[in-house]
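Which chain is which? They are A, B, C and D, in the order written, and residues in each are numbered from 1.
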Amino acid sequence: MNGRPFGRDTARLVTFSDGVFAISITLLVLEIKPPGDNGDLLHGLLDLWPSYLAYALTFLFIGQVWANHHVMFDHIRGANRGVLLLNTLLLMVVAFLPFATSVLAGAFRDGDGERTAVVFYGIAFAVTALTFNGVWGYARRHRLVSESLGPAGAVAIARRFRLALAWLGLGALIGLALPVLGVIVIAAFNAFYWLPIAGESPSP
Amino acid sequence: MNGRPFGRDTARLVTFSDGVFAISITLLVLEIKPPGDNGDLLHGLLDLWPSYLAYALTFLFIGQVWANHHVMFDHIRGANRGVLLLNTLLLMVVAFLPFATSVLAGAFRDGDGERTAVVFYGIAFAVTALTFNGVWGYARRHRLVSESLGPAGAVAIARRFRLALAWLGLGALIGLALPVLGVIVIAAFNAFYWLPIAGESPSP
Amino acid sequence: MNGRPFGRDTARLVTFSDGVFAISITLLVLEIKPPGDNGDLLHGLLDLWPSYLAYALTFLFIGQVWANHHVMFDHIRGANRGVLLLNTLLLMVVAFLPFATSVLAGAFRDGDGERTAVVFYGIAFAVTALTFNGVWGYARRHRLVSESLGPAGAVAIARRFRLALAWLGLGALIGLALPVLGVIVIAAFNAFYWLPIAGESPSP
Amino acid sequence: MNGRPFGRDTARLVTFSDGVFAISITLLVLEIKPPGDNGDLLHGLLDLWPSYLAYALTFLFIGQVWANHHVMFDHIRGANRGVLLLNTLLLMVVAFLPFATSVLAGAFRDGDGERTAVVFYGIAFAVTALTFNGVWGYARRHRLVSESLGPAGAVAIARRFRLALAWLGLGALIGLALPVLGVIVIAAFNAFYWLPIAGESPSP
């Protein structure tokens, strides 16, 4: 019962995190409610377009979070109490995303409150990126990063996580002035991180 | 942090996908709401028959999706970024099925909007089949299919996935004209894919 | 893509089933809604006693289902298409239990419809037992039971599953006449199957 | 089908428990409902502060429960029927925490019923600690604790679990008189158990 119950083993932490990612991503659909009136169901279903878009946007983001979480913990040798706590904060933000998604979709469905909703949504995404930076920065400072990665690799990951934070923070900021453009900036983040980018991986 | 974080290993992808399948299949029950009035509970419970049928139909379909996903990834050697993205799209559609199920059940309970609901439901199923075709086609084009399968096996799987797409697309189309028949066609898909079919597997 | 995609391996089937059990058991709490009025919160919380009881009853039952499912599949060597289908039916009934639990709790909270609710609840439990009998009977008929168990062991498990079916069916039947007694009979099932029973396990 | 279906193996019990922890922690977000009125969304979102606080509080607590559950079962050699039952009771309380969280948040949002809500919430936390003590005490009495731990280690864990019970019980009791202070005491428990405490782990 000492200060590092998980010693050098991160397997359990990763499995538990994967569970939270899989559940969060699947709970997103619960925020989409069937139209109450079946009299004109087609219109009712079409009017839900903001829910579908928000669903897809957050789904692709959490999918990306899952993939990057694995990349990060492939290089973290051990989970001490600090890593455990920071990772729990990361999961706490990811598990909160279905709520932020629901707020975003609700505002665009009502045609009211879009500005606030986009900023709220963008902040939730940016805080997710912030917790990634927190885990990675902590692991580097406490020499928990595997030496096989090399300093250049560690810097490359840190740069990528910082770029994500800046990008998503910028999306929230733009949403303050131009809600729709803010959503587009956040959606572009998904595209950029999912699609293979020329030059990102020069050597196969 | 290169373009293929998962290298040749598909184990994590399969485990994560299994999680999403298990959660989606279990969330289906949340769409069935107890009758508000306990005064005549028996009638209230009987009136929910469309919910029970839709529940069973989607449950058996997602069970089939789970089994076929394993079959597919038993033969895919590695998961590059393209496989990751296409598989995430597949999961996105499967996780959406509880909503489509709720829409279907709601329309038949109300006796209104059945046509739209069946088409919507059939399209959701057909798009699921489409993403299977997408993953398999991509893996074949990028030589990610294990050579132990052989070209005949790869073609057999592709044919089976294309048949599923055609069948479910046809179900949606028929539902446009005859809603009940559309549901029957989709239900027959479940039966055909679950039950052992004579001639399908000639050698034990 | 032949008739037995899982060959002799039941590991995936068990992992997937465990996921459905864990999710079903955890979703039970969603059926308990906080009292709307916080003015007299204490009374509101106390009035929910049928929800707490139904929660505990179903939770212990699904826990038992989970343990017995492992016992059963420890002795089943392979999962062919028939086992896969019957096990999916088993999961379909288990994943339905949160709804039956909600119906039971709702009737006792309203003080109306208890008879119907207990019978519905008892039938859901009995059908769960029925699917266990189905899987085990099928595995025995198709010689999928591991020979290390021996005929006496196979018969002992079959007897235990048949007793469960009879017990729970009786509970539903009694509930038809005396709702409260029906619940007690079902609760006694939990106690009998969880507590160590003298004579049940003569040799350590 | 004897009295100890799991023999000496606790792996399945731990995996199943992890599933319940991951699902419970992720379901917490479902208790936060978007504000109905998007006209003044900013105010609506700010008014939900009790929900955010309660979410974070319970999330960190369940995260702690997860970590301590692993510590405990790292030292328990086998799971007999008694361990299985007591662990199921532990899971039953943990899976109930989203409801207690919802009650707490609702009372503070309404500004009514805080006293009752804090006591209810504190009791739920204390009962969680009680079930930990139950599992550990049972395992020690039945000589299921691994000898590699040593008597001093077993006593240290027991002391830590008893302290948790006393702390959380005290939090509930204080909440009876001073609701806000009760919440602070419970929150301090999280901080104390997550942060590295001087002297807790003298030797690295």
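Quick note on the criterion: a contact is a pair of C-beta atoms (placed from the backbone, for glycine too) under 8 Å apart; a residue touches a chain by one contact, two chains touch by 3 or more.
No experiment lies behind these values; they were computed from the predicted model shown.
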Same-residue or different-residue interface between chain B and chain C, half as cut-off: different
For chain C versus chain D, what separation do you get between their C-alpha means, in angstrom? 26
Between chain B and chain D, what's the gap in Å when you average each chain's C-alpha atoms? 37
Would you kindly tell me how far, in whole Å, the mean C-alpha position of chain D lies from that of chain A? 26
At least two other chains touched by the same residue of chain C: list those residues. 19, 23, 27, 30
Line, ring, star, complete or other: which describes how these chains touch one another? ring
For the chain D and chain C complex, residues of the former touching the latter: 1-6, 12, 15-16, 19-20, 23-24, 27, 30, 81-82, 84-85, 88, 91-92, 95-96, 98-99, 102-103, 106-107, 110, 112-113, 116-117, 120
Sites on chain A touched by chain B in the complex: 18-19, 21-23, 25-30, 32, 34, 38-42, 45, 55-56, 59-60, 63, 66-68, 70-71, 74, 153, 156-157, 160, 194-196, 200-201, 203
